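Let me begin by presenting the structure, written as structure tokens, before commenting on it.
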Amino acid sequence: MNSFGKALRVTTFGESHGAGIGCVIDGLPANLKVDYAKIKEWLDRRKPGQNKYSTSRKEKEEFEILSGVFEGFTTGTPLAIYIANSDHKSSDYGSIKDLFRPGHADATYFYKYGIRDYRGGGRSSARESVARVAAAGVASLMLEELNIVVKSGVSSVGNVDGKKYDFNHAKTSEIFSLDKSAEGAQKDKILEAKNSHDSVGGTVVISILNAPKGLGEPLYDKLDSRLAEVMMGINGAKGVEIGLGVNSSKVLGSKNNDLMDKSGFITNNAGGILGGISSGAEILVKVHFKPTPSIFHEQKTLDKDGNEVVCKLKGRHDPCIAIRGSVVAEAMAVLTIADMLLLNLGSKVEHLKKIYS
Amino acid sequence: MNSFGKALRVTTFGESHGAGIGCVIDGLPANLKVDYAKIKEWLDRRKPGQNKYSTSRKEKEEFEILSGVFEGFTTGTPLAIYIANSDHKSSDYGSIKDLFRPGHADATYFYKYGIRDYRGGGRSSARESVARVAAAGVASLMLEELNIVVKSGVSSVGNVDGKKYDFNHAKTSEIFSLDKSAEGAQKDKILEAKNSHDSVGGTVVISILNAPKGLGEPLYDKLDSRLAEVMMGINGAKGVEIGLGVNSSKVLGSKNNDLMDKSGFITNNAGGILGGISSGAEILVKVHFKPTPSIFHEQKTLDKDGNEVVCKLKGRHDPCIAIRGSVVAEAMAVLTIADMLLLNLGSKVEHLKKIYS
Amino acid sequence: MNSFGKALRVTTFGESHGAGIGCVIDGLPANLKVDYAKIKEWLDRRKPGQNKYSTSRKEKEEFEILSGVFEGFTTGTPLAIYIANSDHKSSDYGSIKDLFRPGHADATYFYKYGIRDYRGGGRSSARESVARVAAAGVASLMLEELNIVVKSGVSSVGNVDGKKYDFNHAKTSEIFSLDKSAEGAQKDKILEAKNSHDSVGGTVVISILNAPKGLGEPLYDKLDSRLAEVMMGINGAKGVEIGLGVNSSKVLGSKNNDLMDKSGFITNNAGGILGGISSGAEILVKVHFKPTPSIFHEQKTLDKDGNEVVCKLKGRHDPCIAIRGSVVAEAMAVLTIADMLLLNLGSKVEHLKKIYS
Amino acid sequence: MNSFGKALRVTTFGESHGAGIGCVIDGLPANLKVDYAKIKEWLDRRKPGQNKYSTSRKEKEEFEILSGVFEGFTTGTPLAIYIANSDHKSSDYGSIKDLFRPGHADATYFYKYGIRDYRGGGRSSARESVARVAAAGVASLMLEELNIVVKSGVSSVGNVDGKKYDFNHAKTSEIFSLDKSAEGAQKDKILEAKNSHDSVGGTVVISILNAPKGLGEPLYDKLDSRLAEVMMGINGAKGVEIGLGVNSSKVLGSKNNDLMDKSGFITNNAGGILGGISSGAEILVKVHFKPTPSIFHEQKTLDKDGNEVVCKLKGRHDPCIAIRGSVVAEAMAVLTIADMLLLNLGSKVEHLKKIYS
């Protein structure tokens, strides 16, 4: 339902045009120093309205920690975060309240619940992801203690593919592009779509370094399986790959197998995961996002009563959700690794002896 | 860990070369008529050793229902199924007991647990999937009561892509090929790999028809998210797509959005899921499998003590795991839909009134 | 951890002297009309500072619904409630920050987490129960739709036992006493304890009427098992009984068995539950509360460094936690029944057919 | 449903007169040496038919480990145990197949599921507890590694109370009596009930020594809350107490609070748990069992069609279920502590650093 993770469990709440968005993080170890600036940094990276490549909705993204911290440290009790909504314009949505916007969850929420909050998509809005990012801001403090590094960037926009994964460049790029040489064409692609009142898809890459060997709980909480779950659960995601991914289905075993020598794995087609367990190699995940469904063309659709109508949208929307989606995907990776770190603590009886004696 | 599903919960146990493989299915509604022949049919479709395109290991796959059925009907209590292993040759594995086979889970299980059952991969063997298929055989009886149809097939082998999805043809094809005109070349691809002591990857497509609108529990048990999880959790899966999938990242919103008219969705790029909830359109999932890691080339690897060694395998293996993987993927789809059917029962207060008055 | 319930899942957060207390209610069916006045009524019944039999801490208990409601109805999305703390005096606690108050969770939180929020007990404070009561206020709306009635009252204070269960009288009694004829002596008992700077234990009875037959998920989510869990989890609870309870261990089977005739069960020693499933008879639960651990005597204890010290408390405390505990116990019963109503929807295949066709 | 525990998760299956009873234990740490003799010892203690104080049904209780063990050690994969039923006489039950035995779960299973396996109570039979005891036999190996000791015994039979808790005596007593001086009268009580075709209730005490401080996950997986849950879930349990229990509700705070000095807690009214977390003191739990519902008197009841009928039972039954119930209660305590040991591993960030560096 609205929680994910097993040992580190995040529950989120809130709608796009409600009072605010929040989360409760449960299972955090005690004695983590809470660095407010770092959490803010996470929220700022995801923040809308920062340049012409994203929506013009401006949110302050000021967060409040409501519980779980005492004198600057986590206490082991649930840490709740709340972010008030500050720039929602519900008036934009009056005209669509009775119809189903193409590509959106309007129809399916109505089918499922018999009621929907039409203002900005309600609960199905990408706005909810602010809670995930805030939670990741907290969980990343735990990863830092163990020197685990998670990075993200955009590898392609529409059909403009970058050729390399330069995560340092992505940090400074307005569109988080992983390849400086492709960035210009990628930006053009976005503006072109925006200017023709359209939108465009894109692809995100996540890299995880220094994760301990042994993370992942086979057979049904495998690390790759859980990464696929959380990534496909991000709004607009339609494909997930681990390591060589789709291309591994096109090759021979003699090409795909990663051999080993003293230095470790010689290649990394597996993307750092074998049998659902981390191998010590870099963990690589790719997430493919569809184009933003909100476009400003006239589109044929139905209303709640089943009548054919034409949908003509107003509102402010990202022309390419993959851009800010990369921060959300990074957040989900952080939260998944944090959960797996906790779940793996009981893998061997030696661990229990270390802790309890 | 070793259970999946929330309302319909399947727990599996057993290793490749242990006594047998089994599962416990919990949460099955009472009064389902248990059709043993249909369960056998599921097991037979997955059964190894049926033709030259799969491993020559022969398993009878005779199953026993240990509990949960009374006078031919489910009772609402856990239904346990057990399948004894009948054709395991542990002797094939003596030579690899101290080394890590490339592409296998040997290294990672050892890292995680400090101990591993090396005989045929132990728990990490694809043999475990027999339990999933048996469970799906039971759960499919529930889907039949509601006229929901799940089908599967192989769309590509290596770089040989089929052009169409003919699920009827797949049923009769030795390699479950979805396209008669590509089948010959796909078979050749498999034999070519096999004859050169190699293996090859492949891609599977799952189709779900007649699923009620409204299945999927947002935001963290979305239908697509759960499908991605269970598919990526199948041995050898490295990529999962929903609907247009990876290609949706390459196009414009005006091309990707599915418009509606009186007859429903005009296109189905979404693959039957919007906002994580089923829309009533056909649900389409694609799963990409890597080539079987067990090949008979000499490969560089490490042993448990970190020494460089050469791995030279014996044993019997599928040259293309995607073939039998398609039945497993179909099974996971059946179990996921069954779970979602149960989870959705509480979506509206009207449902409670219908049941309790 | 900090969530309970399986289909209706409540997650709470907040500490006694933090910003506030809140909860997220997940799994609520859509289309429940949200009656704010009724929720307020629940909070008011539990509210401290209403008379001389409870603590003098005064909390407004003004609640805010942050999400999950649209135009007055639930939407199926998580409903978050927040109650700001308004009358906390952390200054009362400075003197005890390094010592373990006898009977409190101070020592154990410190042992477990290596850190504790000493202000008013932090997370371990009974103040957290305001979140449970708010959640029950919402869930009770669902029970009302099905005419299920949950009632509570105090059956004994210290060794002053009431003789009958008059739930109507309890509603009007300042100490929720179930027996008008015992109420005076019970009040005297409380004041006597209070005036001698001491506290006193007490016992609470919960009655549930009109619960449908068939609630409870054997074998490990039995209705009685889950009621025992949630009741024993209330601060200060040390004993739970179902039906005849402890006394059933003292009698013969021929006296304990409830026979049946056309009108139903002739007696109800089972307390409405057989084999963990509701039988249709009145469900009866008894919860025994220890005396408030905060008393104003000098008490020997240890400080964090293991030194022997004398504990001398300040602050404001209920002299008998069973009184307000009865509202909390009623709340937990409401939430448990609501959860069980949802879990039971999948018990028979007939239910699925009713909903999906 | 049919699983319990969160980090150590046990799933059971099987009915009284089906093929057998089994369990799957998931989450066991790897590298535990599996001592088959100790598991057998657990089963033998619970075994029926050993003397005149229990049922004459004779079960060999031969168990088979189907998975999860390799060369004598656990591997971290699920450990499945199966115990075939060997001495069931379904013929005893033909006469009651359409009626509801008083005090049994017959009526409620039928209400819930619309179908019931009437042979020996089917799933609701106490026979299922053999799976719990087998699982505890395995989990106890983990407790032994940490020197944690769990003991059980019978403190009262009917109204014959023992005065002391001598767990060593209980081990050698045919009725597991905790008090040698009361044992004779307790035995007489049982035989008296048996000879008059009746049954009698009883009370069990569980003691847990050397559990580490800090076990229990507040607020909704408190140690006492979880103990109450699992104990009340045992067939026939109607009351659970922790420490002073019911009597704590009758006293003043100044009597109930456990003061501390250098040597630790001076008294132990809390029963070793404060705020739901273990304090290091002995953990004490009391479980009250009703008399066996199967008695051989004529009793008024209803049949499935609602007709008034007279129930006249055959079959073999324990005259006092508390006796063998004490082994089951001990088993549930072992499993709960094992689960809590694993859950607590993530309580402090220091623990993670110890394991991952």
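Every chain is named by a letter (A, B, C and D) in the order it is written, and numbering of its residues begins at 1.
We adopt the following convention: a residue touches a chain if its C-beta (ideal position, glycine included) is under 8 Å from a C-beta of that chain, and two chains touch if they have at least 3 such contacts.
Just so it is clear, the model here is predicted, and its values are computed rather than measured.
**Student:** So which one's got more C-beta contacts, A-B or A-C?
**Tutor:** Pair with more contacting C-beta pairs, A-B versus A-C: A-B.
**Student:** Please flag the chain sitting at the greatest distance from chain B, going by CA centroids.
**Tutor:** It is C.
**Student:** Report, in whole Å, the distance between the mean C-alpha point of chain B and the mean C-alpha point of chain C.
**Tutor:** The mean C-alpha positions of chain B and chain C differ by 45 Å.
**Student:** So, what's the distance in Å between the C-alpha centres of chain B and chain A?
**Tutor:** Each chain reduced to its C-alpha mean, chain A and chain B end up 26 Å apart.
**Student:** Could you grab the centroid distance between chain A and chain C? Build each centroid from C-alpha atoms only and quote it in angstrom.
**Tutor:** About 38 Å separates the centre of chain A from that of chain C.
**Student:** If you look at chain B, which of its residues touch at least two other chains?
**Tutor:** 1-3, 12, 27, 30-31, 76-77, 109, 112-114, 123, 218, 347-348, 350
**Student:** Name, in rising order, each residue of chain D that touches chain C in their complex.
**Tutor:** 1-4, 12, 100, 102-105, 107-109, 111-114, 123-124, 128, 156, 158-159, 193, 198-203, 213-222, 224-233, 235, 237-246, 248-262, 266, 269-271, 273-280, 288-295, 297, 299-302, 306, 308, 322, 344, 347-348, 350
**Student:** So in the complex, which bits of chain B are touching chain C?
**Tutor:** 7, 27, 29-32, 74, 76-77, 142, 145-146, 212, 218, 341-342, 345-357
**Student:** In their complex, what parts of chain C are in touch with chain A?
**Tutor:** 1-3, 9, 11-15, 18-22, 24, 26-27, 30-31, 64, 66-68, 70, 73, 75-80, 82, 109, 112-117, 122-123
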